[in-house]
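To start, I am sharing the structure in question, which I have written as structure tokens.
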Amino acid sequence: MGSGENATQENKNLAYEIGKIVAKLGYIVLTGGRNCGVMEAAMKGAKDYNGTTVGIIPDDHTSRMSEFVDIPIITGMGSARNNINVLSSDLIIAIGTSPGTISEVALAIKANKKILIPDNSKETIELLKRYKKSYVSQFNPYDPMEIEKLIVKYT
Amino acid sequence: MGSGENATQENKNLAYEIGKIVAKLGYIVLTGGRNCGVMEAAMKGAKDYNGTTVGIIPDDHTSRMSEFVDIPIITGMGSARNNINVLSSDLIIAIGTSPGTISEVALAIKANKKILIPDNSKETIELLKRYKKSYVSQFNPYDPMEIEKLIVKYT
Amino acid sequence: MGSGENATQENKNLAYEIGKIVAKLGYIVLTGGRNCGVMEAAMKGAKDYNGTTVGIIPDDHTSRMSEFVDIPIITGMGSARNNINVLSSDLIIAIGTSPGTISEVALAIKANKKILIPDNSKETIELLKRYKKSYVSQFNPYDPMEIEKLIVKYT
Amino acid sequence: MGSGENATQENKNLAYEIGKIVAKLGYIVLTGGRNCGVMEAAMKGAKDYNGTTVGIIPDDHTSRMSEFVDIPIITGMGSARNNINVLSSDLIIAIGTSPGTISEVALAIKANKKILIPDNSKETIELLKRYKKSYVSQFNPYDPMEIEKLIVKYT
């Protein structure tokens, strides 16, 4: 999960790396499926490592869908689909912050899901600190080995 | 799509065969994902042919999920998820009739989706006859070759 | 519940009368909330009798909303909102047939809701006959007194 | 919007007062509809001032519904209904913080809705400060006249 149109290049680089790691570990990368930001970068990473990607599309059409979605789930329900993203995931990895991302981390806390914040995003880290201390990231966000270890640990 | 708990053995046999054909053709089998009826039989058919299955789960948990689901999408939204089943499918294949199935065929007509009724289910065939004549099935439901040809034609 | 753009004048006249009866009996008229067909006519009837109307809007905006909606519920989830219409109603009254209406009657049968078909709509009556015999209408659709008695009986 | 089971007595007192003010101003109080916390307190306030209340129920049944709901909307879609709460409101008033409340404030920011935080809840105020400075509350949360003025200003 992560920023869409407003993602920084740094957000997208990290998302790409994590998409690759998740795919390498044999997991599916599930995102909001749109053709921008963290969603697209993570799925591109997964596809470059021959992984499988699922996109939970907010629209009732595919015109804003990323080309890196293998399995499109067309919900036609806008941001209400954020809850499906959360419920369908074994581990939520949130990169960057946007209102949509924050809603997903909040819903993930509510659904008692495991959450990993691999960067230094203040807002989501504060949320986790308050409600779910144990999943707060305390690691170097740019060390793939460390991220891989954490994903393994949490899934 | 098709009956759940109330599916007949005939419904399930046909669903199994069609699951196999869809998998053989390289398509994904998407169902409501529960561990009964047409859903489970179609996914079992797909898995026996090494296909990929997606289950759009109505619950917010997996206790009623079929073991033949590869990719579970946990919606937690009950029968409102029927519309996601429909929007996410390229071709709707409906077997047997139940209120849930009829709602899906009706939503598929509304969403202007291609629909195939491979058996002699009066209710869904009547629906198609009235609203979308061209997709009414006029073929031997028990001839796999003929069903395969129709799936190819419609997708 | 009932046809939208494709409603006949007869559908709309009947919806208007029933909207009035429901309001007179002190019940709320809940519809899909759009500015056409059976939805709008039923709510206009209710408002002409000083009733209260709720519109469950499929869009995430109000540009297609009827002016006769008192309380708009903006779902932004398209036809998936049909299930909310059904779950939120004590008695489903379906007028005319359209794919959307049929999906709602099917979902209402699934949710074990009371259903009244006040006209001679073959498709929905067939559905009820098959799955829920007791609620099939066997009355003069154009006698307001008789409809009123049935609504009282079923709520 | 606000905390459910974990609401403090202070949260509930404030919610009650605001429910009264909203009703007095002639607006409808819309909440998540459950029988606890900020939701119930706000609706009780509205009813004590003869207002109208709408409850957007997450369940597909009414066993956890507040007795102060006039118009229950039964969604059966769990926390995905939070987006309906947001889209259906002209002004979001958030009291206290819980993961659900934070998800609603985040979705409200995304939907570009007006938001009022009448207490000193750090998490939601931080969210608004970052994404939507203009709606941050800078007023005495316990002065009903001031809250009333702000509600009038924002609606």
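When the chains are written out, they are named A, B, C and D in that same order, and each has its own residue count from 1.
The working rule: a contact is a pair of C-beta atoms (placed from the backbone, for glycine too) under 8 Å apart; a residue touches a chain by one contact, two chains touch by 3 or more.
Everything numeric here is computed off the predicted structure, so don't read it as measured data.
**Q** Let me check something: if the centre of a chain is the mean of its CA atoms, which chain is farthest from subunit C?
**A** It is A.
**Q** Report, in whole Å, the distance between the mean C-alpha point of subunit B and the mean C-alpha point of subunit C.
**A** Distance between chain centres, rounded to whole Å: 29 Å.
**Q** Quick check: how many Å separate the C-alpha centres of subunit B and subunit D?
**A** Centre-to-centre distance between subunit B and subunit D: 41 Å.
**Q** In subunit B, which residues are in touch with two or more of the other chains?
**A** 60, 75-80, 83-84, 111 - these are the residues of subunit B that touch more than one other chain.
**Q** Can the chain contact pattern be summarised as a line, a ring, a star, a complete graph, or none of these (other)?
**A** Topology of touching chains reads as complete, every chain touching all others.
**Q** Under the touch definition given earlier, write down the residues of subunit C that touch subunit A in their complex.
**A** It comes out as residues 60, 75-80.
**Q** Looking at the complex, which residues from subunit B come into contact with subunit A?
**A** Going by the criterion above, the answer is residues 28, 52, 54, 56, 60, 71-77, 83-84, 87-88, 111.
**Q** Under the definition above, what is the set of subunit C residues touching subunit B in their complex?
**A** Against subunit B, the touching part of subunit C is residues 77-84, 98-100, 102-104, 106-107, 109-111, 123, 126-127, 130-131.
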